[in-house]
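Every chain is named by a letter (A, B, C and D) in the order it is written, and numbering of its residues begins at 1.
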Amino acid sequence: MIKVFVNGYGTIGKRVADAVSLQRDMEVSGVLKMKPDYIAASASTKYPLFTLSENVQAFRDAGLVARPMDKGIAESDIIIDCSPGGKGEGESTGVVNKRVYQNLGKKAIFQGGEKADIGISFVAQCNFEKAILADYVRVVSCNTTGLSRTLGALRGFGIERVLATMIRRGPDPADIKTGPVNAIVPETKVPSHHGPDVQTVIDIPIQTFAIIVPTTLMHLHTIAVDFKNDVSRDGVIGAFRKATRVRLVNSKSGIKSTAEVMELARELKRGRSDMYEIVVWEDSVNVKGKTLFYIQAVHQESDVVPENIDAVRAMFNLMGREQSIAETNRALGIAF
Amino acid sequence: MIKVFVNGYGTIGKRVADAVSLQRDMEVSGVLKMKPDYIAASASTKYPLFTLSENVQAFRDAGLVARPMDKGIAESDIIIDCSPGGKGEGESTGVVNKRVYQNLGKKAIFQGGEKADIGISFVAQCNFEKAILADYVRVVSCNTTGLSRTLGALRGFGIERVLATMIRRGPDPADIKTGPVNAIVPETKVPSHHGPDVQTVIDIPIQTFAIIVPTTLMHLHTIAVDFKNDVSRDGVIGAFRKATRVRLVNSKSGIKSTAEVMELARELKRGRSDMYEIVVWEDSVNVKGKTLFYIQAVHQESDVVPENIDAVRAMFNLMGREQSIAETNRALGIAF
Amino acid sequence: MIKVFVNGYGTIGKRVADAVSLQRDMEVSGVLKMKPDYIAASASTKYPLFTLSENVQAFRDAGLVARPMDKGIAESDIIIDCSPGGKGEGESTGVVNKRVYQNLGKKAIFQGGEKADIGISFVAQCNFEKAILADYVRVVSCNTTGLSRTLGALRGFGIERVLATMIRRGPDPADIKTGPVNAIVPETKVPSHHGPDVQTVIDIPIQTFAIIVPTTLMHLHTIAVDFKNDVSRDGVIGAFRKATRVRLVNSKSGIKSTAEVMELARELKRGRSDMYEIVVWEDSVNVKGKTLFYIQAVHQESDVVPENIDAVRAMFNLMGREQSIAETNRALGIAF
Amino acid sequence: MIKVFVNGYGTIGKRVADAVSLQRDMEVSGVLKMKPDYIAASASTKYPLFTLSENVQAFRDAGLVARPMDKGIAESDIIIDCSPGGKGEGESTGVVNKRVYQNLGKKAIFQGGEKADIGISFVAQCNFEKAILADYVRVVSCNTTGLSRTLGALRGFGIERVLATMIRRGPDPADIKTGPVNAIVPETKVPSHHGPDVQTVIDIPIQTFAIIVPTTLMHLHTIAVDFKNDVSRDGVIGAFRKATRVRLVNSKSGIKSTAEVMELARELKRGRSDMYEIVVWEDSVNVKGKTLFYIQAVHQESDVVPENIDAVRAMFNLMGREQSIAETNRALGIAF
């Protein structure tokens, strides 16, 4: 049993911890929470709770037992670092943490908010093998994971160019401080940084726009792919069907927006009503000459969760790619 | 095993079906869907599917087997009618359906969108006994249920007057057609119809405002209660603690809005991430002289679900109030 | 003085009427309103009011004088038809109206919601000459106008291909019935109909995605243009500067979204705080090889208003293109 | 001509400056902007621009001329301080500024974000006389102004108790950073601070709830008033009609929400499409026994603007209450 410490129990961290706890070959040795809030109270019913030394008393005052973080790290085999990604000039918490992990000789997984040089950029179905026995892996961001999964499935057709617009949710559902309430906010740095980030996983020419809109549920991508040769719509749909963690839906069945995708996730009765798969509208898939068009939705809260599990297995070489993906999918209720 | 037919598999119906299926003394004999959409496909994996005779072929075309509705009703002991409530002038579907149920000699439960005279208005913890062996019961609306649960818990203190403003979500999460996107929409009929609706359950003087705002998650109520005698804050909080299906939260723990309430529901790992309880902010409870102030949130999609289960038990006199509530709560994961 | 009758006094119609009233060579002979609401009351203070014969009494009951529509049309030289565009199967109101206008021998201008064959598709700076002495002109939709203005300005560089994603507002600001409140809604017909609509104005290869998001203010377009030859960023910006009704803004000056664009419009102190110009973020303009990227915002309520004025002038051959545009701009407060 | 310096050119400040510039007995001697953004550029076309000494160079770099603030203050008769109100523990900018004004012997007006002791709390139609020849006046907040205007009009009936729920917009329209996007956020301090703030203007018993919702346009208040004696609906409506800066609308005319109120403001062709009046839904006004119910909307961006003008006149004793209000209303286009 690999002992996994989850450093940071926010949107991603709490899902990763739950996913780890569902596997047969790993367990949660502890989770780090900074504040003794309602999420900490919930975590305390499931996992050993840790915090910074200076916060132990605050947890006690809130009726919660949290041990100092270093204890938890020392007792673990690997840390999944879900601290908030770097913003602005200084070092991110992840970079600071990495030095701690290195000093203790611990392997660690970081999330997509970190810069690419913190570890091997990872999407299980695209480059599992690169992470085998690696010490530091970066599970790329929700958007990069989404683009890598579907574009990765199309690499065999010979991608010449990809142009995508990412229409991103403003805040996550439980973040009430962040806007916008009634505006469309473009990233005016064009092409945005997301294209080069995809290239850390799969080597394709890709350029992206990034736009923020007033919704909390999911991101949505419009994607145009130029191929070197002719492709057929059926061929593309077949490739998506064969790809793991890609789910085809059809607006004719009533799934007309990100809202119904999230409603579908509630039907699936997964924890937290998550949608781990990248959702492609089958009726949006269209080919004109050598250009493919399609639209997909990305559940920013959860699509990277299975990647974190597979990364652990690769880093300890517990099993091969296909087996790990199958094992993770089974545990999380992903049909394929 | 009481055989329960769920007529209408929308927001409420699908939850009621799932709740019935979790009980030990009842089972879902069938559910009615009008359209063969993605929700029908999901239902077909769990329940016998029925539809109107004229829609059977459409279901078949969509790869789904749905039998004609009358078969399903004939084979059942009781119908939980979750058809859309009456709007405008004509008869509601529920009223039309009731005649069918009467002709077949079947008991039926209706939802709060129907007029009060369709059956006994019901909130389990307030008037379970009135529904014992009744043929027709109306589980009142989400808002009326919410007001009845907390105000019902305060009746012992001698309520002289209640004034409430209900700030209602616009559409449900998966309804993308309905607004408003950026406006506050008042019901200019003041007092609104909700006060008299509460009075079909508990006999208290109450007047209400109803306002619609651009959110999908929950309703929120601001409530001021004048008592005949002095009450203490502790007394009120004690009464809320003793009341079933009322959950106290505190903004100091990080639950500052309806968004974090829904996030808390996801932590609870219930089906569809629902919050069956009425959520009262403990730090909003305040007493000034003989007036009590408090704020509560109501999950419009799910708070009436346990009432439907208890109503079935009352109508067949399967067990008493306390036992039924305990049984329902256990099955749905409601702590108290 | 050309007598202009505005048939339909909604979002576009009321703006067109106000714009006509600001010109030196035309006047509003009447406006048609269907319902005696607050907008009708406002219109009645400015323009002769008309309605359908059967609605005259309803207006009278509301204290408003409205004459039957046919009187207004008979007394006018041209009708600007701002009836709601065609939806679904049957004939649109505009098509029905066109027969009336034809029978009376009246010229007419239609809006972009009508099918392309109703008249000459028109954007003043792109094809003013085509409308000279025409009987029926169609001012194209807000989105098509927006794309035509900026892409039209780039035609000289040799456009090889355009790929655009249009992120559209859900409802207009005063429409509280339409959603979505919290979802991203893709048009799954890809490429969308907007590309061919642009081609009714300027002959360029263009393919588009159309997405709807929960905001009321403006549409936003992400645009990638492949050129036959190298272009420079300065060349593109120069072309935009030379184009009328295109306004460059910079996020560094604080205009970071459609919200600040609308705030800027309020600074300009135009009627209804409108933004007639297509707003291009100068800092989004970027050239990589032979591909240009840029982002623009379109004020769906008002960008087509100046086109309606110029179309009137063309159809009566009152003056040439440059002179008409300058005259319209001056009257509406458009700097260039 | 009174020389007015506007210290802070944000949401309120820029409107106050424009309003001052429309009066016959005062003029804008300067405005202070902190950042050389697009609003500063717009201001520079209308008013002498000032900034902090340390920011002068940044303005120059942006192509704008801004002189150091103290120059502007020294040359003025009165300062209207529109700096952001106090937040958290320390002194607000307004309090710090007041010491500067005092040292220079200048009168000053502050806004409602400041604490009540900074000056005389002021709503023109309620207590104009209190501000005559005063040195420091505080124009109360948008919500307090709204409540004071309509409740002030009802004082003659003998108010025994007021209970109000204020449903507040989240951010202002051009603020894209602040949420909530999809939540209802209660102020759990109940009663909220707004009741005591009203009492600094009119002496009535009032208790309030404050709730924040995801909209940018206006606040909305639900208000219940208990009177000592019977009142009639007609009497109340008559009192509202007689009150200045209170506008009655009716949902039957199509004004069903804050969105149509803002659309009405655009019809009025005022600067920035503002609604200075408190808007009461006439069809929401209802009397049950000795209790009055009504609903009103408050345009948070602009309702306090006329109060700032009247305060200047009172503080220099330029004219009496009725005359000043009439003069301000005429200049701003307020019918009554």
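What we mean here is this: contacts are C-beta pairs under 8 Å (C-beta built on N, C-alpha and C of every residue); 3 or more make two chains touch, one makes a residue touch a chain.
This is a predicted model, so every value here is computed, not measured.
Shared contact partners of chain A and chain B, listed by label: C, D. The most distant chain from chain A is D, comparing centres defined as mean Cα coordinates. With each centre defined as the average position of its C-alpha atoms, the distance from chain B to chain D rounds to 42 Å. Computed centre separation for the pair chain B/chain C is 46 angstrom, with centres defined by C-alpha atoms.
Each of the following residues of chain C touches two or more other chains: 173, 175-176, 180-183, 185, 214-216, 256-257, 259-260.
The touching residues of chain C, when paired with chain A in their complex, are 163, 165, 167, 169, 180, 182-186, 188-191, 207, 209, 211, 213-220, 222, 224, 251, 256-260, 281, 283-284, 286, 288, 291, 293-295, 297. Of all residues in chain A, those touching chain D in their complex are 170-171, 173, 175-183, 185, 214-216. Across the complex, chain C meets chain D through its residues 35, 37-39, 41-42, 62, 173-176, 181-182, 216, 249, 253-257, 259-260, 262-264, 266-267, 269, 271-273.
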